[in-house]
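First chain A sits with chain B, and in the next complex the same chain sits with chain C.
Moving on to the complex of A and B:
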């Protein structure tokens, strides 16, 4: 078996034993079940004629289903993006520190695997968890609205995967932090800082004029240039989920920037881990 | 290993902490090798160097004919760390199955079950590790080290937390492994344990190997023999023949370079009416050897 997959399996098995991750899965299932059971949608000739939630009629003008569902999918995309990253930061903060803890890391390093396998496997395991959770939630949402309204779109699924790309960049920093300090709290803090910085980086052009022209503005622009533009990615995810035109200039470049940042952070972690004594 | 040095450097500190100060050591294949020494001697750093967990500052380490960095070499090593941290929510069988996979071996559920039986955990195989006692975790760690029948077993305090009966079982397993041809590298604070299992010992102190060799050679008291005579032996007459009175009644010590000298001395004692009931080489136990080695070295260090 590939050692990276072996370590990823190790991480997933650990994750499955965590009660709060199981509770999260149960929570998503409950939310989807409640929406599925309490929402009634009547569609006439492709237009949303009436909708009821818990038996109460939702007042809205008659619109085509895809237009009517736009705000729902946009909101869902933002919840999945920011909520998912936030939950991921909290839920996955101690995977790497736990794997690198005294008594466990010595045992793992003595096994016939390369050091980079350990980090790559941990990263892969966490990303499988993130993608699995995201697809579970978004697929459920698409299925519910698809069955009830007859409107099928892959937008929310793509938006969910974009959230996973954003989380990959955040988790790369958390994993690298774990190679420097074996602390779940510091890993979570690093993830949170990247998330907030990523939101700011997405609005760098709007924020930059607030700084005085000169060194401070240049410094802000330089720092935010290398950060992943998470808020822009979230906006793009919202657009894709609701099938509206993209507000960002180039989604490809945006995704590339986030991935380059993630790989850069991971490369630092791999380099640090290779030379570290435990 | 040759000229092994390890200096742990800290950020913003010019001088590092020297854990190993130029160690030369060779462990014969198939031997049971014990590592003893006081706290801070560098034993754990030394063991981690063998496994590539710690990268030496200087020197070379060769294990089983290759580098410890080579996964093919590490596949032939079984390791039990001092404070093994096991995933509490897993069962023992799931843990061993994962170790088997990570060792690059095919899944072997019956083999793993046999290992659990061997370390006395068969009844607890399906229980979560979180509910295990310290001794049970240690046994599971030993089972994990034995996965894949390794050529080299590196065990750091393997009987820590195990009850006396369990220690007997662990000792039996280790001796079986040595008989099978496995090279055993044992680090234990329990000197009696080392004495019973190992045939070779190295004494470490202050990052150096102070003494190394066969246990019986290290523990040997030179040309001295312990003799016990039946009650009624004439102590004064025996003293004239070179028999020094020991601490217990009827026990004497005599110096004899070889068998002929020893028998001549015994013949002289018999001629004085003494009746021999016990004879053995006058050796010292490992504790005395350790104290005798480390204390003078420490004194010399202070003097220097």
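Moving on to the complex of A and C:
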């Protein structure tokens, strides 16, 4: 068996044993169930004619169902994107520190695998967890609105997967931080900093003019050039979820860029981990 | 590979990946600010500018009857003479076109190109013959179910020349009515009747120009302006004078405007709606708000749903046929139910109108160039 997959499986087993991961899954299920049971939608020839939530009629205009559901899907995409990353930061912050904790790391290092396999496996395990949770939540949402409104779109699913790419960049930095300091709190803090920086990086064109022309602006532009542009990705996820035109030049390039940043951060982690004495 | 070398490789790879990430993200996002989404401003209420416009138009103080002094003297408030001249009562049609405002809008420019496709010869001829310059002197144009009214400055108008053999007479306090001659017509049953060959025309204070099917319609309009009409509110209240086109359409008129393939919808309109208030904004894109009122709340809601569905289908058709711009603007189309009434909002992009009327500009330029050569 591939050592990376073996470690990923190990991480997944550990995640399953944690109660709050289970609570997260139950939480998503509950939210989806409540939406499914409480929402009534009346569609006439592709137009959303009326909707009721908990039996109360929602005062909304009659318009094409896909246009009417746009705000819902956009909001869902943003919640999945930012909420998912935030939850991921909190829920996964102590995977790597506990894996590298004394007593455990010696056992893992004694296995016939290379050091980078350990980190890559942890990264893969966490990403499988993130993709699984996202697919579960977004598929549920697509099914509910598809059945109720007769409007089927893979938009929210794609938006969810894009959120996972954003989380990959954030978690790679968290994992690398764990190789520097074995602290779940600092890992979470690093993840949070990358997330906020990523939001700022996405708005770099709008923010840059606020800096004085010269060194400070150039420094801001240089730093934000390589940071993962999470807010741009979130906006693109919202656009895809709501089937509106994309505002970015090339979504593929942007996604690749964010993912490659994650791999870059992971490579720094490998560099650090390879030279560390345990 | 020894550990130190492997570490150097990882560090090199990391550096390369960060550079690659920067390039990819820069190219992917682009360094341009995102374009603003097209916004259409629907005329939903009176705006400050329109309120000022309405105030400026209140120039006419209706004369009051002097009594013995028993009733408390109430100072008459100035009115907009055009609104006062409109037909009164339910089920009437009156649509006001703000000709002057429209003339100075992008749509107005396009329409002007179409009007002047002959290089403006016909317009010049009309100016000379009538003494009225529609581009300067005309303010508003109203279409009612009894005829047509124009407001503006008609001090230089040569009505007598225009009306030919029409008999003219003073009427009321500041009006003059031109009655066209009558012709005896023999009907299919052999009976004879007298009919007017041309519509009757009235001019009030050189501000209002009224055209009616017969002199009585014109006189009735003058009576309404001068306070001798029925004591009912005007068809269009002052608070509804917003947009570049506004008014009230009787359901019967609206149903007749629908194409034959929409006969079912026309019948439902007749059955359910009482009247339709219309507002069109043409300052950039053409945005329309129509408020349909009826007696039965459920039937009105059902009608709103049918219209909403029709708009949704039109949007889907536009998407399927690749009419991206039209589909994008139909995104704005919606029906807003509100008890026994609903508002229908629709928009047509300026670019679509520009494209459709582009030939007018070309023909006008060609005609003007041709006139220049001669």
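In the analysis below, the second predicted complex is superposed on the first by the 278 of 278 C-alpha atoms of A that agree within 3 Å, B and C clash if a C-alpha of one lies under 4 Å from a C-alpha of the other, contacts with A are read in each partner's own complex, and residues count from 1 in each chain.
The criterion applied here is as follows: contacts are C-beta pairs under 8 Å (C-beta built on N, C-alpha and C of every residue); 3 or more make two chains touch, one makes a residue touch a chain.
The structure presented is a predicted model; accordingly, all values stated were derived computationally and were not measured.
Asker: Record, for the superposition on chain A, whether partners chain B and chain C clash or fit.
Answerer: Aligned on chain A, chain C fits beside chain B.
Asker: Under the stated touch criterion, which partner chain does A:9 make contact with: chain B (first), chain C (second), both, or neither?
Answerer: A:9 sits against chain B, while chain C stays out of touch.
Asker: Is A:275 touching anything from chain B or chain C once the two structures are fitted on A? First, second, both or neither.
Answerer: In the superposed model, A:275 contacts both chain B and chain C.
Asker: A:255 contacts which: chain B (first), chain C (second), both, neither?
Answerer: Second partner only, chain C.
Asker: Which touches a greater number of chain A residues, chain B or chain C?
Answerer: C
Asker: Could you tell me if A:132 is touching chain B, chain C, both of them or neither one (first, second, both, neither)?
Answerer: A:132: touches no partner chain.
Asker: Quick one: smallest Cα-Cα gap between chain B and chain C in the superposed arrangement, Å?
Answerer: 9
Asker: If you lay the two complexes on top of each other, which residues of chain A touch chain B in one and chain C in the other?
Answerer: 275
Asker: Name, in rising order, each residue of chain B that touches chain A in their complex.
Answerer: 8, 48, 51-55, 71-72, 74-75, 77, 79, 81-87, 89-90, 94, 98-99, 101-104, 141, 144, 154
Asker: Name, in rising order, each residue of chain C that touches chain A in their complex.
Answerer: Residues of chain C touching chain A: 3-4, 6-7, 10-11, 13-35, 304-313, 315-316, 330-331, 333-337, 342.
Asker: What residues on chain A touch chain C, complex-wise?
Answerer: 44-47, 49-50, 61-65, 67, 116, 201-202, 205-206, 225-226, 228-229, 232, 247-258, 260-261, 263-265, 267-268, 270-271, 274-275
Asker: Along chain A, where are the residues that touch chain B in the complex?
Answerer: Within the complex, chain A touches chain B at residues 1, 3, 6-7, 9-10, 13-14, 17, 101-114, 275, 277-278.
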